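Here is the structure we will look at, set down as structure tokens.
Naming follows writing order (A, B, C and D), and every chain is counted from residue 1.
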Amino acid sequence: MSIAPETSVHPALRIAVIGAGYWGPNLARNFAMSTDWELVAICDRDLDRASALARKTGEPAVVASVEELLREHTIDAVAIATPARTHHGIAMAAIAAGKHVLVEKPLADNSIHGREMVEAARAAGTILMADHTYCYTPAVLKIRDLLASGELGEILYIDSVRINLGLVQPDVDVFWDLAPHDLSILDFILPGGLKPVAVSAQGADPLNSGKSCVGYLSLPLENGALAHIHVNWLSPTKIRQMVIGGSRKTLVWDDLNPQQRLSVFDRGVDLGRQEAVRDDVEDRKGAMISYRLGDTWSPALSEFEPLGLMVSEYAASIRAGRPAPTDGESALRVLSVLEAASRSLAEGRATRDEVNHPILEEAL
Amino acid sequence: MSIAPETSVHPALRIAVIGAGYWGPNLARNFAMSTDWELVAICDRDLDRASALARKTGEPAVVASVEELLREHTIDAVAIATPARTHHGIAMAAIAAGKHVLVEKPLADNSIHGREMVEAARAAGTILMADHTYCYTPAVLKIRDLLASGELGEILYIDSVRINLGLVQPDVDVFWDLAPHDLSILDFILPGGLKPVAVSAQGADPLNSGKSCVGYLSLPLENGALAHIHVNWLSPTKIRQMVIGGSRKTLVWDDLNPQQRLSVFDRGVDLGRQEAVRDDVEDRKGAMISYRLGDTWSPALSEFEPLGLMVSEYAASIRAGRPAPTDGESALRVLSVLEAASRSLAEGRATRDEVNHPILEEAL
Amino acid sequence: MSIAPETSVHPALRIAVIGAGYWGPNLARNFAMSTDWELVAICDRDLDRASALARKTGEPAVVASVEELLREHTIDAVAIATPARTHHGIAMAAIAAGKHVLVEKPLADNSIHGREMVEAARAAGTILMADHTYCYTPAVLKIRDLLASGELGEILYIDSVRINLGLVQPDVDVFWDLAPHDLSILDFILPGGLKPVAVSAQGADPLNSGKSCVGYLSLPLENGALAHIHVNWLSPTKIRQMVIGGSRKTLVWDDLNPQQRLSVFDRGVDLGRQEAVRDDVEDRKGAMISYRLGDTWSPALSEFEPLGLMVSEYAASIRAGRPAPTDGESALRVLSVLEAASRSLAEGRATRDEVNHPILEEAL
Amino acid sequence: MSIAPETSVHPALRIAVIGAGYWGPNLARNFAMSTDWELVAICDRDLDRASALARKTGEPAVVASVEELLREHTIDAVAIATPARTHHGIAMAAIAAGKHVLVEKPLADNSIHGREMVEAARAAGTILMADHTYCYTPAVLKIRDLLASGELGEILYIDSVRINLGLVQPDVDVFWDLAPHDLSILDFILPGGLKPVAVSAQGADPLNSGKSCVGYLSLPLENGALAHIHVNWLSPTKIRQMVIGGSRKTLVWDDLNPQQRLSVFDRGVDLGRQEAVRDDVEDRKGAMISYRLGDTWSPALSEFEPLGLMVSEYAASIRAGRPAPTDGESALRVLSVLEAASRSLAEGRATRDEVNHPILEEAL
């Protein structure tokens, strides 16, 4: 699959944005600008808010309820940017009405709801897509290409760090706040998606805020590889870095370095094949190891607005009748890992009062 | 305790260095240069190697065995730089002969041996010291001072990263190779030493080398704090960084940035006291949180050779009859955490063939 | 003088923005948001452009000419954001009508025009202010404070680098495009303003574009200090860095490092006083020199929109009847240095065909 | 010419090192280790110093004077590491005796002396080589290769910065202390050597130390290119960076970044050809400009000791009877530019008391 912005030759699809709060305006603006789409309506219980947004996005209709929207407007698709606990209800109604559905992350408030949405959309033959915006950035698209092309070889380890002085939030812990970014990216770039064989979380709440503010997530993958995510709300320095170690090359993504966001290192450790039978294990081990100290390469990245590409991909998926690049199943995998992480934390807490401890979780 | 190099007014103490291999020459050179010490003998089964070293360090005597050394030479102390599995035997013999003992890390090949050494030295009234060289660097001494002074407030989390393209070694995994540095530093800087309430390790051997090449170590501390260590032999970039988050300030130690090795950030999240009783939990939580965005300060560090200070501290501890700054108990704590980490890895492997998984370990 | 945003208790001053092209909208938006100001009119020959801007800024009147504006609208002040060659005519008309004038940089197309504007405003008792936006950023304000307080001691040298892959422009060379930023900042932060004793420019046009794309500007200051500016359109890496070396401390401003924009180094070279008469010159020189290797300090910076502060300062200057922080004379000094730089380049070119060479210029 | 360390199959050449002070030991050690050379003698008026050095380098003969050396020892070549003012006398005597000569930088105390040395060696048919050590580092060799291969296209500009908190020296100013490194590197990497069409220096002595502590050197090259060097003893931060802008690519050498010392940017500004005749100059100019925003590439560098390669190249040049890579003429060009810079500074001072000002100098 090639992901690229392109001009549409099709008639525009008709979309309504549901939710005019924090994220809805970004969606509405991008749908309004896209030649793939015609923004037909803004839906929000707060009609003032909906009207204010409508004025900035070409004056689509304003409606106060999803029922009204589905009943009175001819639309092909909806984009849901409401609180997570309402996603399931709205999406199920829209799917039942035969609409395609784009949902802001997380897909739903729990994976049971999420799975129902995925199955309903499949049964109805409509597209269910998750707005994993990061996946449509130039850097992540390039990483996905590099992994797909085999440039890095086999994946050995992935280490992701996403830390900064963050808002300690009332509803969610640091895992649910920050790790969805890392998890949705991993699911997007790994050929076959993110399918850890286990999930283990370590968290700390040293401020006694009632939720983890520092978190580590270990995700053993198949073939002995290990993905690890560090999320932290208490760090005075901001880091957004992912290292993807491969058997051929290693990629470093430093998202806060605009001058060299991606670096591909042709450096690594090679273990040779055990061609010769040797008596002395120590020598053999030593003999098998070699180092590559080759060039580093930093690919140029094009610049475009990720949300613009995302709405364009939504249209392309609908027209082609194929799953979206970040489809419902992808979002469901992310949700399941987050739930497994929470169970890992909670059962640790259950068995040992003072500290969170890791447990092995059957994931997914 | 103040740690500083000083000129001795005492008669020099008499030392022998045992082991003339990789590390012994560094020790011998520093003992030879020190006014606190008189280097009396070099002991190594390989007499050629011992003689070569003796020629560079003022021509001390050369002896082939510990027995001969203890029998025929008048010494106050020994410094042991032999393979780890021999530490216990040599140290016990030296202690039995009433000598003070400095041991290269690790203290011993297992904690039972290590504990015997600690107890024997205590019973004999001799000093048992570990050569945790990193603890005598200007940066670590400054960090210890800052923590002791309360400058950072209460410790909330510690995140240490020590990764590079490393030698995949025949004998030890990445935990035993690299983590002793982080652990001995933590033990040195934390008031009261490193006393985790649990130890959990995640490792990966994606090259099928027979041992972990990528490792994560979680060490929940008392009061909800969490220490975490990332060690990695497969990283094309070299990082040596430790972040110590405190309730007042946060310290970042970037050992590869000679221009600003230490940074103390007066930035952080504060949770206020629940002075007012509020009905709405969400609001109350929100109201309690505030951010400090103050100055950053990078203290100047003096420059000196860590090993020079270490041998000087060894002499000072002997003369004062007080435990060394990195004494046997400290080294035993480090050893115990490493053993707990290995058990964590092994039991995971036992219960699940393909991946290492974390387990909760009673530590120490 | 303390520069700080504050809420106004005065009736709003009435302003018109002249020019609705590239920069005018930024000015109009900030005047519209300010409680100090009432945006009365947008003036542009292109009425469509003016109307479009008016719709976004609270629907002020739209007028097509400065004459109409001055004749038909009651205003206190104007803000001019038209091409540089028109600044003089518009400003002189506005001053003649008793209006205060804010001018986008450069003040005028030449210093004769600029001087007329300064003198006319002085005679009329109106405020003439230059929109040197950079001077109202948190970093530059902090630098100005540090220099004013004597924190750095006496200024020894200033080295400013402003390079990136820039637009090779049809009208101006790299000096006129980029150096105004550095020069207006220098004028703002140096106590007494920028008063070089000479101006010397070196430029290169290796692409044969007809104008310098790489430029160096040397500005010897009083007391033996030297300011130097490097501007470059052809650099693949982007650097915005200014080093201000003082006799007590040295400040480094790295504008592209949001995590540590300012660093104050308590490091430097000290030459002692020649208290003792010594025969041996070499020893004496050696003896007089010492080094400070003290702490580094990075002050926290507040965050606000520079243009918001600038329009607020414009109002405050008018109300207090005092010169603006970046007044007409400041802008005239900047203009004069740029003209001297051009003469330095041109006379070099005149006497030597192939290369630009430096000449000494009587400045200002 | 390919520069690479190789094992010699020739009989070793016989060398004497003259001068056992600061730099001589480095030379003696490398000659002693080389299979190309036999270190025959150490020559120093201070026989104790010479003897101490001889003990560490295989016990060559020790002699007190050059006359004695040339009279009593069979040697092929000498290496001179004595104070600059003695280079001429020693070298002329050695050349007269038919010896090859390696001279520590600077070649001589003035260019008249230097020229005599070059001409004497040419007449005698002996090799005169300058120890421009930096030119034998992996980074500089790679840069030279890249320029020779045309990878960067035509050189547009070179900007070199070499600043740190330096020792204010009794004998030399910052130009003579630091710029020889930059100049010898430029001479080495530029195809055809360093041949500026003018030399202009700006210096500042804000500490009143009697010599420039901050210096800028402008070196217009042929074809409109410009080289510029910034040297500074008063900078609290250490920078060693050279940018070489080419018409095809731009190279950045950051010598203090061991993880990415060289970066080659496929980024730049292109001015197209004026294929179409256009009326509107402004549009035409605009149309002609385009930007390349391609990949960045960081070549791997091998690791070896530069001095080891240098002594090996000395031997290879002698055996092949070809000029050394850093031959006497190269050193003479460097010396001439330094002298021109000093004249530029001095004449400025003569005509204007307070400040150094730039003058155009006929160079070389």
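For the reader, a short list of remarks on this structure follows.
By definition in this document, a contact is a pair of C-beta atoms (placed from the backbone, for glycine too) under 8 Å apart; a residue touches a chain by one contact, two chains touch by 3 or more.
Heads up on the chains, UniProt names are A, B, C, D = Oxidoreductase, Gfo/Idh/MocA family.
Every value quoted in this text rests on a predicted model; they were computed, and no experiment measured them.
A rotation of 180° superposes the C-alpha trace of chain B on that of chain D, rounded to the nearest 5.
Among the other chains, A has the CA centre that is most remote from the centre of chain D. Chain centres here are Cα averages; for chain A and chain C they lie 44 Å apart. Our note on geometry: chain A versus chain D, Cα centroid distance of 53 Å, whole angstroms.
Taking each chain's centre as the average of its CA atoms, chain A and chain B sit 39 Å apart. Among the residues of chain A, those in touch with two or more other chains are 237, 267, 293, 296. Because contacts link each chain to all the remaining chains, their graph is best described as complete.
The residues of chain D lying in touch with chain B in their complex are 237-238, 259. Of all residues in chain C, those touching chain B in their complex are 260, 263, 266-267, 293-300.
Only residues 154-157, 159, 165-168, 170-171, 197-198, 200, 202-210, 213-214, 216, 218, 220, 222-226, 228, 230, 232-237, 243, 245, 247, 250, 252, 265, 267-269, 271, 281-282, 285-286, 289, 291, 293, 348, 351-352, 354-360 of chain C touch chain D when the two sit together in their complex.
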